[in-house]
Structure formats: C-alpha cells, structure tokens
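Across the two complexes that follow, chain A remains constant while its partner is chain B and subsequently chain C.
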Partner chain A sequence: MSLTSGPFRNLFAVACLFIWQCGCSDFESSFVYSDRTLSLISEAQNGIRTKEASLPGVKQSIDERFGTPQNLKAWLKLPVDFGGSAATVASAADATSVVLGFGEEAVVPEKLELIQFVSGDCAGQVASVKSWDVATATATLTSALPSVPAAGDAIVTGSGEILKSGRGLYQRHCSHCHGTSGDGNGPTAQYLYPRPRDYRHGIFKFTTTNDQSKASREDLKRLLKQGIPGTYMPSFLLLSDQDIHTLVEYVRFLAMRGEFERRLVNELSGDFSVKAVQGRVKSGENRADIVKELGEFLKTDFPEAVTTTGDGLAEAWTAADTEEAKVIPSIARIPDSPESRRKGRELYLSKALNCADCHGIYGQGNGPQTTIYEKNPLTNELYPEPGLHDVWDNVNQPRNLTYGIYRGGRRPLDLFSRIHAGIKGSRMPSFKNVPHEDIWHIVNYILSLPFEVEPGATGNAPQTPPATASVTQ
Partner chain B sequence: MKKFWALFFLFWPLVALYVCWIARDRNWWFPGEAMTAMGERIEGLFYLILGIVTVVFIGTQIALGYVLWKGATNSPDRKATFSHGSHSLELIWTIVPAFVLLFIALYQMDVWAEYRVQTFYPEETKSGPVAELMARQFEWRVRYPAPGKQMTDEPSPDDLYWVNEMHVPTGRPVKFNLRTQDVQHAFFSPQLRLKQDAVAGLIIPVWFEIPEAGEYDIVCAELCGWGHYKMRAKIVAESEASLKAYFETLKQDQEEDGVSAETAEAEAE
Partner chain C sequence: MTAGLIGCGQFGGGASVVPEVSFVPADLGAATEAAAEEAETTESAASAAGPGNFSGRVMLSGAAPSLPMLIAKGADVKDKEVCAATDIPDERLVLSADGGVANVFVYLAKAPKGGTAPEATEEAVIFDQKNCRFLPHALIVPTGRTVKILSDDPIAHNTHTYPSKNDSINSGVAPNDREGILSFVYRRAEAVPLAVSCDYHGWMKAWHLPIDHPYAAVTDENGNFSIPNLPSGKHSFVVWHESVQGNFVQRKLSVTVNPGETTEMKIDLPVASLAIK
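After this line comes the complex of A and B, so read on.
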C-alpha cells in the first residue's frame, strides 16, 4: 500500500499543500516599547488624529527617528557612526549630476554608490550613483531625480551600511540574551543571573568615565573584547576590529533609542499615564477634557521636548568620548605594600566611606544593607525581596571582594574608576571627593583581599614571629 | 523488482568506498595537515583503524550482496533450509575480530601513553605548565604566571590574565593546565589533533609541541549549553622573543593606572 495509491492519494496531496503553505513565513521582528510607554493612555502612546492635524504620540515619534529592525532609520543628529557621511549639495547641473560639498573635517569617500537626500525638494529620494569623480566630488546618477536639488540641500552618502551590518551581527551574537531592542530580555535571558544588560536606560556599569558621563566607545569596545568575568557576558575577542566597531555603534543606537523613549515618556507619565488619568477621573475631571489637554500638549510642548531630548542625547554621548569625561587619577598608583593595605583597610572601615555597610566587614559582600527592605523610587512600593536594587530593578548584590573576580576589569585603573565614579546604575556610589591617594590605598587593599591568610588579617597589627618554630621539622 | 533492491543496497556501499577514497586529499577527514608530530601519529592511528575497518566493510558488504542476490534470483518454489547455525562459523567470527581489536589496542599503546599519561610526557614539560586554561560558559580564560615565575594551582597576586587567546612558545614541548569553572567543556584543537575534556574539579595537564609559529583554533567539543557552538578561542604560537614581548605588554596593560604610561611617554619625549 504505497503513499500514492487509493485512499491515501487525496490525503497525501492535501498534506503536501499544507506543508508547503505553512513553511517559513516572512518573519518580521520588531522593537518593543517599554513597560512605561505601555502604561500611558492610548492617546499618549499612539497620538491624536483630528480633522485639523495629526499629532504624533510617543510611539510614532520613536518610530520616525529609529525605525524598525527591518527598516532602520538613522537620526543624523545622534553621534552614531551609521556608515557614510553627511554632506550637502554644493551645486546641481541638472537632475542627474550633483556636486557634493563635504565639511572641512569630513573625508571625501573614495567610492560612492548611493546618495540619500535628507532635505530640500528631493528629500526622501535615494539615488544610486553611476560614476563618482573624487577630485571634483561630482556624482553622476543612474536615473534622473524628480526635481533638481538646490545648493545647500543635505544629503547622506551610503545607505547606513554600518547600521545594517550591525543589525546582522547583533542578531547573531547578542540578541538572544540582550533582545532585539536591547531590553535585556532575549530568549536566553530568563536562565541567566545576573540578567543581561537592558541598554534602554543608556547606562552601562563598567566604564572608565566619570560618574556624570556615559560610557565611552573605548569602554564598550573593551567590554566586547574581554567579556565580563563572573557574568554570562563572554569575550568576543575573535571578532574583527571592524565587526566590534559595528557592534558598538549598533548597541549605542539601541541605547539611544531606549533613552529617547524613556525621556519622552517621562514628559507624559506624570499627567497622562493610565493610573494618573484614573486618579484624575476619580477626583472629578472629565476624560474628554484630559484628552484635550493632551492634544494641546502634543501640539505645543511635546515637539520641543522631542528636540531637546535629541539634543541632550547627542551632547551626552559625544561628551563621553572626550578626555574630560575620563577618570584620570592625579597621581600614579601608590606601590602596593603592607602599610598601604592597612591604610586601605582603615579607610574601608571608616565612618566616612563605610564600605563595610554593603560589602561586609571582611569584604564578603554581606554587609547590613543587604538585608534591608527598600522602596522602588519610581513606584514608591517596597521591592518584594530584601536588599539593594539597581536602576534595572534587579537585586544589586554588593561584590564579594574575596573572590578575585573583577567584573569591570582588574587593572588598577579599573578599580580606581569603580570607586571614583561608582558603578553607574547600581548602588555603588561615586567617591569622587575622596583624595586620590586614599583611593589607591583602598585599591591596594582590595587587590590583596583574595590572598588574605584569614578574614580581617590585613587590619591586624603585624605579629612578631616566634623565635623558634613551634613544631620540630 | 527484487534484483533492483539487491543492486540498490549494493550500490551505496560502493559510493561510501569511493567517498572514503577521495576524502583524504580533499581534507574531508581533517582540516589540512597535522601541525604537530604527535598529531601526525594520531592521524596515522586514525588511518590504520580506517583501513582495517574498510577491509571488514568490504568483506561484510560482499557477503550481504551475495545473500541479497541469491535471494533475488532464487526461484519462488524453492523451499527454505532450516539451519541450527554453525558452531565453527561462530568461533571464527568471534576470535578473528577479537585478535584484530587486541592488535589495535596494543599498537596504539605507545601513542596513548605519551599523549595522556603524565609519566610519559616529554621531559621539558616536567618543569611546569606555561599557562592555565580555565573553560567557562562560553569563553576560555587564560592565566599565566608572572614572567620568570612558576605557575601555581591557586592564583598568585602577580599572575597575568587574558581571555580567548593563549600564547605559547614554538619549538619545544609545553604543557598547560586545563580546568573548568562550571560545567564540562572539552579543549579541542583540530589542527593540532588534540582533544581533552575539561572536568569540573580536576586540573588536567595537556601538552603539545608546535613547530611552526601561527594561530591555531580552539573549539569547545563538549556540549556545554546554549553557547557551545560559539565557544571558540585561539592558540598563538610564537618565538620566545616574541612571547617575552607579549608578556611585557600584557603585564603593562594589567598594571595600567591611567597615569604611569603617560608619564613614561612624556619622559621619553
């Protein structure tokens, strides 16, 4: 009785058809919106459409500037290397020939294949280049533009190659933990402790920049290359430098998107979250009036907030790569010695610094702060478990310093930065007002902790060794 | 129809033999040449066993083919023969394979001993390991002793650390300690023909001698979790001088305090 005979025949045909139809469909991945965005009333999320105007809400404002994973958008204001450079139209002979002007610092590209028009009559057009003359910066286009571009129109060269290849690399190497949107909630994230980083606060813990600055590109590159020991973040040393640069840019792109979303929602959540509106309705306001108020806000104040937020992001992330943002000790490391370590231990136990409060008397990460119950500053409700919590609402376990595992790096500079700038996003505060030589004493003490003969031995006064051995050999 | 199936089942073993024949030169068995002398010996063992097995394969497939063909060409009225087995046949096909296996076991003892038994390791490796490779999900953490010092099982304050890249000297036998921080992993270097499971709680010394400077792959060969497929690293084999310079750089980077390097540069100018 074979598959193609008798009663099986029809079933077989149907089965084949079915399998063919439900093969791999076109899977569209999408960026998620944060929980806080989704806690706004729907008009704030989706905007208000009236006969007079279409007022974009939070979601549209984000999508317009960052796009979707399939259709990424490069917001040129942001300091991300999208691949390609920004330039202007110097002059256009006709609709097929354009002379480009690059800024003083910009490098004129050797090869040019694509021009995207950003402003002017041709805004939104993507033109492919038939021939490119580097000397005169003249591009001859394969097909005519709908209108002749004017001098001063802004263009972007290329089609965001770095962003696109970053998306591919990120999907392969990072998204299964960090999630498509960089929300730290990929498919494997639920099995990991500590959880993978949620980039959307724009905060990275292990940096060498000061406490007010964002992570620099160098910091992120270091993290990718060396991994984070003691966590599930592996080293990507075997990726090429170009790949690492691409990934760093894409991660910054995701971080800026998340932060942009967060700040926009902050503008609205006070008055227009579901909870807030419920409260207002309860105290007598009319919901229709609230929506009208929202409409006013979206028309007048919100666009300004969008611009200011974008500017703020651009400024903060650009500043992170400057020398001023770095933690630079004013003196070289004080050489390691028993005296320095003892001084470090004194400072560790001192009332002013009070390291033992979190890290415990012997540096085992079991100080009294680990048992308190504290409130979530955003919701003002108690966290379900005791202990300190970080900005991502995870339990923030103070480091057990006796293990010798230094997540942010074991160089003296790294430990100095941890103390001086604190660990951003976590409850390790910044001790930037502590004299730098004191910080070096503490660094020496910490580096010696894994090798203490017994807990607390560093703090004890040096013992005079007995004149003779107590046990005969 | 029966003849078709008989020929069908005779055809594929022929394909298998052909593939086996052409595989060696196309690097289907191994990625390129073995890069160590021990690797060549292990490869030799592989081909020896392959050869023995191929002979057995040909024998059994001929027997199978004969049986199939006879069955296909027998007339339909032939009556079945009832057999109670053949004692001598049973003896032959137990004793002969036993001897073959015994031969293989004894033949490879030398290689196995030199490869795996510490007392047979080369003399030069007895002075101590050059590095400790700690496998963890999903990377390879390397720990070196400070230049000029002996490696200790427990970390020393002046040890040097790196990740996913182990630098070793060329031209002499070296050994490293293989450990794992969490689950079982396996150190596998295809070009060196070297494989060793990393077992939690054990410190396993692994030795090799790489004559040619270059980079060699390390891949994890024990399913260790969702990142097993990308748990890769590399061995960088270089001359003693080059290695010394590397450790200098590593030491300097590990002692980076944000100030001294710049001061030294400024003074040099």
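After this line comes the complex of A and C, so read on.
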C-alpha cells in the first residue's frame, strides 16, 4: 500500500500542506538570472515604466524571448531546431482556410497537424488542422480563428515538440550538475571537480571548429555520446539519436539564453551597475539624472543592442555548423615514428611554442605558469589560488599529458584541433599559424608520452613486443 | 519528505512536466528607425556651420608617485635574455617631466550627428611586441579594420583579448613575425578600452579601444591630444585612464566646438584619483 492511497491519504495531504505551506502545486522551477544581471541597478534589471512608455530592462528582454521552464519561448531568430518550421501566411480565404508560404529552401511538410500563429492579429493562436493539401499548401482548420489572418503573418508548423521534450530530458539527465538554467550550478555541482560547464558564456571547450567559432552540433553530439574522460561527465551513448539531437538543441537554447543575457548586461554594466552608479554619485552626479539617462538609453540604444545581439548569436551559431568553421588539417597525419616524436618533442620544448611553460617539461601539467599568482583581468583583483584562470574563473589545470586521458577525445584529429584552435574559454591559446606538419609531430609526441619511461628512471625501457604472438605452455 | 514529493502530482520543477512552448517572432522589439536616429552625445547646434577641433593636454596634479622599472635590465625573469634585455618601464602611469599623462583615451562615446565615418582603408592597424612589451601600450582601432599582430621577439607570445562586445581572441604569435600572419578584426565598438595580455608573460599588458567613428585620440608622451574635424556643437567626451580608480578621469566631459575654431582644454588628473600609490 502506498502512502498516497488508502487511510494514509488524508494524513499525507495534511503533512504535505504542512511541509510546503503554500501547497505543492505552486512549486515551479525557474531560470535564474546571472549575478552580473543582479549587479545592475534595479531600473536596469526591471526596466522603467513611465506614463508615456514602458521600457523593458534586461530581465524582461530575456524572458520575452526565452520564457521560463514551464512556459518556454522559442525565439525564431535563433538557429535552434525547436520542433516546427517557420512559414508565413500566403493568403487566407476565411478564418478556417489558410494558404501557407514556405521559404525557397524550406521543405513543405507532408503532414501538418497544427499551426501556431506568431505575429499579426491571430498571434498566440494554436489552430489544429483538419486537412492539409500539400500541393496547394492549403490548411483547413478544425475551428475558425477569431479573425482572418493577413498575408505575411508569421506562423510555425509545429508545437515546439523538440524544445518540450528537450526540457524533460535535460531536467532528467543534465540539470543535477548543469542546473536548470545551464549555469553549471545544479545541486550536485558543489561536490564536483572539475566543475560542470556553465553554458552561459556560449563557450564550449572541446570543439573541432576554428578558434573564433562556436561549438558545432556535431561537437556537442560527440561530447554527449562519449562523455568527457577525466571528469564527471558520463557518456550518454544509450540515448537514442533523436534524444541526443533533442538534448543538443536544448543545451544550445540554454547557451544562447545565457550569452544573450551576458551580452545585454555588458551593454549596461559600465554605466548602470550598482558599483558604477555609486562611483558616479560619489563624483557628484545625481542618481535621478543617471536614471533619466538610463531611460534614454533604454529607449534609443537598447532595442538596437538587443537586435544586434540576437543577430550576432544567430550568425555565430549558424556559422559553427558550416564547413568553413571546421578545423581541417591541410595534410594527412604524419605517420607516427620515433623521428616524428623527436621533432614533436623539440617543438614542444622550443622557445617558439613553449608548451612546457604550462604543461611542464615532462608533460605532467606542472609548468612554471601553474605556480604564478595572477589578477582577474576584469576586476583586477588577485585570485586566491595560484595558476592561470579561465573565463569561468576556475583555475586552469594544464593537462597532464602522461595520463593518456584526453577530455576532448583521443582521436589524433581531436588533439590536432586542441592545438590548432586552442581550448576555448581556457588559457590554452590557438596555434593556428603553426604549420600543420609541425602540429602533427606534436600530436605524435603527445600520444607517445603516456608510454615514455618515467624521467630519471633507471632500469629497462619497455621492450617491443614480438611481432607474432606466441603461446607459452 | 521524499514521500511528500511523490504525492505532489503538480511538482512543476520535475522532468515529467510538459512545458508550454510559444513561438516568438524573430523581429520582436526590433529597433524602430526613428528611435535609432537620435544621437545622444551631441547636440548639434548648426551642422551646416562646418567642423571645429578639440585639443588639449591631460596633466597630473599633485606629487607624482615614482614607479620603479617593471623589468630592470638583467632582472631574473622568465625568458630574461629577451624580456630583460633592456629596461621595461611600468606603463600603468607614464608621465612627462612636467606632469603630462600619456596613454589617456579621449573619445566620443557615440558617433555624433553630422559626423563622418572613419576613413575607409585596407591598411592594417599594427600591434607589435618587443622585449616582452606591447607596442603601442594604448591603441585605438577602427571597427572593421584588420589588426595585424607582430612580434620582434624570438620567443613564444600569445595575444589574449578581453572585450565585452566583441569575441575574445587567444592565439599564439609566431616568433619574429614581421608580416603579421595573425590578424583579427573588431566588429563592434566598445564602450571602454579592453585589456590585452600575453599569458606566457603575465606582466605584458596593453589596451585597445575599438571604435566606429574617427573622434578619438590617445594622449602622447607629453599628455597632448588633438581631435580634428568635429561637427560643431556641444559634445560629451569620455576621458579614460587605466590607473584611475573606476577608470574614468571624466565620464562626461562637456566640450563645445565652434566652426573653424579649436577648443583647447587642460584636463586635470589628480594624484588622489589614482588606483596606484
């Protein structure tokens, strides 16, 4: 007998109400705003409402485009497969018959079950389709719309099912560590080292795209399938390809939400953070004047910044999936040989590349840079712990190359990409201008490191196994 | 407690709740043209009246702090045969003998009404380094112009930028590269200069200001600057220095420019406002 049935039921309900005084059904998960958003003065966070106009601040600008975990928004500007393709109303004979227009490159769907109206008088309406004629792209609706849609109104053929199920899969498999908002701060995060990725910079470390490019869908898919060796990120190889695709889209959605937030805050923080305003008031300015200036900014410049930011995100994430963004070696891998390893070692130790500066002369990840104290480049304050720091403010532990554990994958191409494009968000720079032949030599050397005799060790070097296996009786 | 959770069928944070999804048009809240046209930093009185100039000098007032050399010649630092081959001054505060402050950025925060676009040219902006020191220390970069990164040192450097509106770059620089095979572009203007550093040599630091109009200058070794051909009218300038607390020498320096005339101004930088002692 379960606690939720039979004689215990009432008792249980009372207990539930007692524990959650406002009732269980009121609990909703939420996307949290970043600390940087919360460091703005409240007028910049929440916007300014006057008699004449209502000027959205950062929070409203985000929420209108991304929603909450219960009511997700699919902003059609973003290159995310939300589930449903964008189209327009070509013409409408009446409120039950709509001819749809698809872009030249778009595929006209074979089946159509519902239409969501995005702009125009019918915006927000979801209409179910009684019959769909592919040849004429005419949808006959089950029930009449409140008004006849106008030509040019934006619609979506679908219900956002990928975003919907992505949210469910993400909450089940990812949110424990990465958090509901993708801030890398789920309930388990504090117990983990390295920390789970905070997506909100829009940066993923291990990619096969160029140094200035975002992660491609392929990169994220590979990371999900293979996990990240040496960290707590497991492999999700048992999920179906469709589930992986769905999760990748949802993670990209969260990454774009976070980066959108970050970039909007960057537009405002210089002049309108609590700290900046304190400084300005101290140097003689009047707070009311500053708020008035903010009002002007929100009215004239901010809408443009919102548009530019959205365009920039759309462009960058779209470009990441193109051929031009890929790291492609200009020559095939130099075959591994003692000679190639030796060249790689020379390059590794050379003054020109100086890999040893961070990774150490034996590749153990303990170069001199790991012992320096540095300042946060943005706040100019000294970090409490030694070593170089990444954009997430975590200490960058240069990889110990003697372990043979490669977080971004162990294919030679993965290592080539790490050197060519650098590790994004970390202090590992891109070496895209190093000749590809040289990069391959370094790859060969690095792949040989786990099998090198320990430095200073005496005794016999490992022997080459016999060419043919022999069985001893 | 666990039982409590099971009982709550509507536990909205859970994975099993199917959310609502509503679509938002791509152009939501797009900037209207009328709003975008208004220029904020300039009240142009008579744009037909022709341009004027703004020039001046930034002067430190009070007893100047004496900064030791950042790297004295022969000092025992990393890559000392290159980095300590000569004295490297501490460029956080560079003063002339009579107190002129170098490397101060003076610029209009926003392109003025009636202003001209930056000169269109294919010529790259050069950002160099020698003896583990960036040259120049303070650099104005027009948006869209190629920045070529050079190195006059036989050792590894990388150039790592910390912008807020542009994308960061972090790339190795080939030793003794006088051609600049490493290059990049700032696509957007920044509100304030951004830090540029080399991760191999933590002391190397420079400042870049990407800007989308020609009305900007960096003070020279005597603290002088000159911004010609400004549309006449009242302007609001930003005066920015890396070592001032909060970085703004003046957040809004009001300057009136009359047609055909040069507005001269002495800008005071009090010692008390410095973040370095």
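Operating definition for what follows: the second predicted complex is superposed on the first by the 430 of 473 C-alpha atoms of A that agree within 3 Å, B and C clash if a C-alpha of one lies under 4 Å from a C-alpha of the other, contacts with A are read in each partner's own complex, and residues count from 1 in each chain.
The working rule: contacts are C-beta pairs under 8 Å (C-beta built on N, C-alpha and C of every residue); 3 or more make two chains touch, one makes a residue touch a chain.
Computed from a predicted model, the values in this text were never measured in an experiment.
*Asks:* After the match on chain A, would you call chain B and chain C a fit or a clash?
*Replies:* After superposition on chain A, which the two structures share, chain B sits beside chain C with no clash.
*Asks:* Who does A:Y232 touch here: chain B (first), chain C (second), both, or neither?
*Replies:* Touch status of A:Y232: first partner only.
*Asks:* Using C-alpha centres in the superposed arrangement, which angle lies between chain B and chain C as seen from chain A, in steps of 10 degrees?
*Replies:* For this superposition the angle at chain A equals 150 degrees.
*Asks:* Look at A:D211 in the shared chain and tell me whether it touches chain B only, chain C only, both, or neither; answer first, second, both or neither.
*Replies:* Touch partner of A:D211: chain C, not chain B.
*Asks:* So, does A:P329 touch the first partner chain B, the second partner chain C, both, or neither?
*Replies:* In the superposition, A:P329 contacts chain B only.
*Asks:* In the three-chain superposition, say which chain, chain B or chain C, touches more residues of chain A.
*Replies:* C
*Asks:* Which value in Å is the smallest Cα separation between chain B and chain C when the structures are fitted on chain A?
*Replies:* 15
*Asks:* Just which bits of chain A does chain B share with chain C as contact spots?
*Replies:* none
*Asks:* Can you check the complex and tell me which residues of chain A touch chain B?
*Replies:* Contacts found on chain A: 173, 176, 188, 191, 208, 226-227, 229, 232, 234-235, 237-238, 326-333, 404, 410-413, 416, 447-448, 450-451.
*Asks:* Which residues of chain C touch chain A in their complex?
*Replies:* Checking each residue of chain C against chain A gives 1, 3-4, 6-32, 35-36, 38, 40, 78-79, 154-156, 158, 160, 162, 164-165, 167-175, 181-182, 184, 188, 191-192, 195, 197, 199-200, 202, 245-246, 248, 251.
*Asks:* So in the complex, the part of chain B that touches chain A is made up of which residues?
*Replies:* Residue positions touching the partner: 137-139, 141, 155, 157, 161, 163-165, 226-227, 230-234, 253-260, 263.
*Asks:* Over in the complex, which chain A residues touch chain C? Could you list them?
*Replies:* 3-4, 12-13, 15-16, 19-20, 24-25, 27-29, 56, 61, 64-65, 67, 69-77, 82-84, 86, 116, 118-119, 123-124, 154, 156, 159-161, 163-164, 167-169, 171-172, 175, 180, 211-212, 263, 266-267, 269-271, 276, 279-280, 283, 285, 296-297, 299-301, 303-304, 306-308, 310, 316, 350-354, 357, 368-369, 372, 374, 377-378, 388, 391, 422, 427-434
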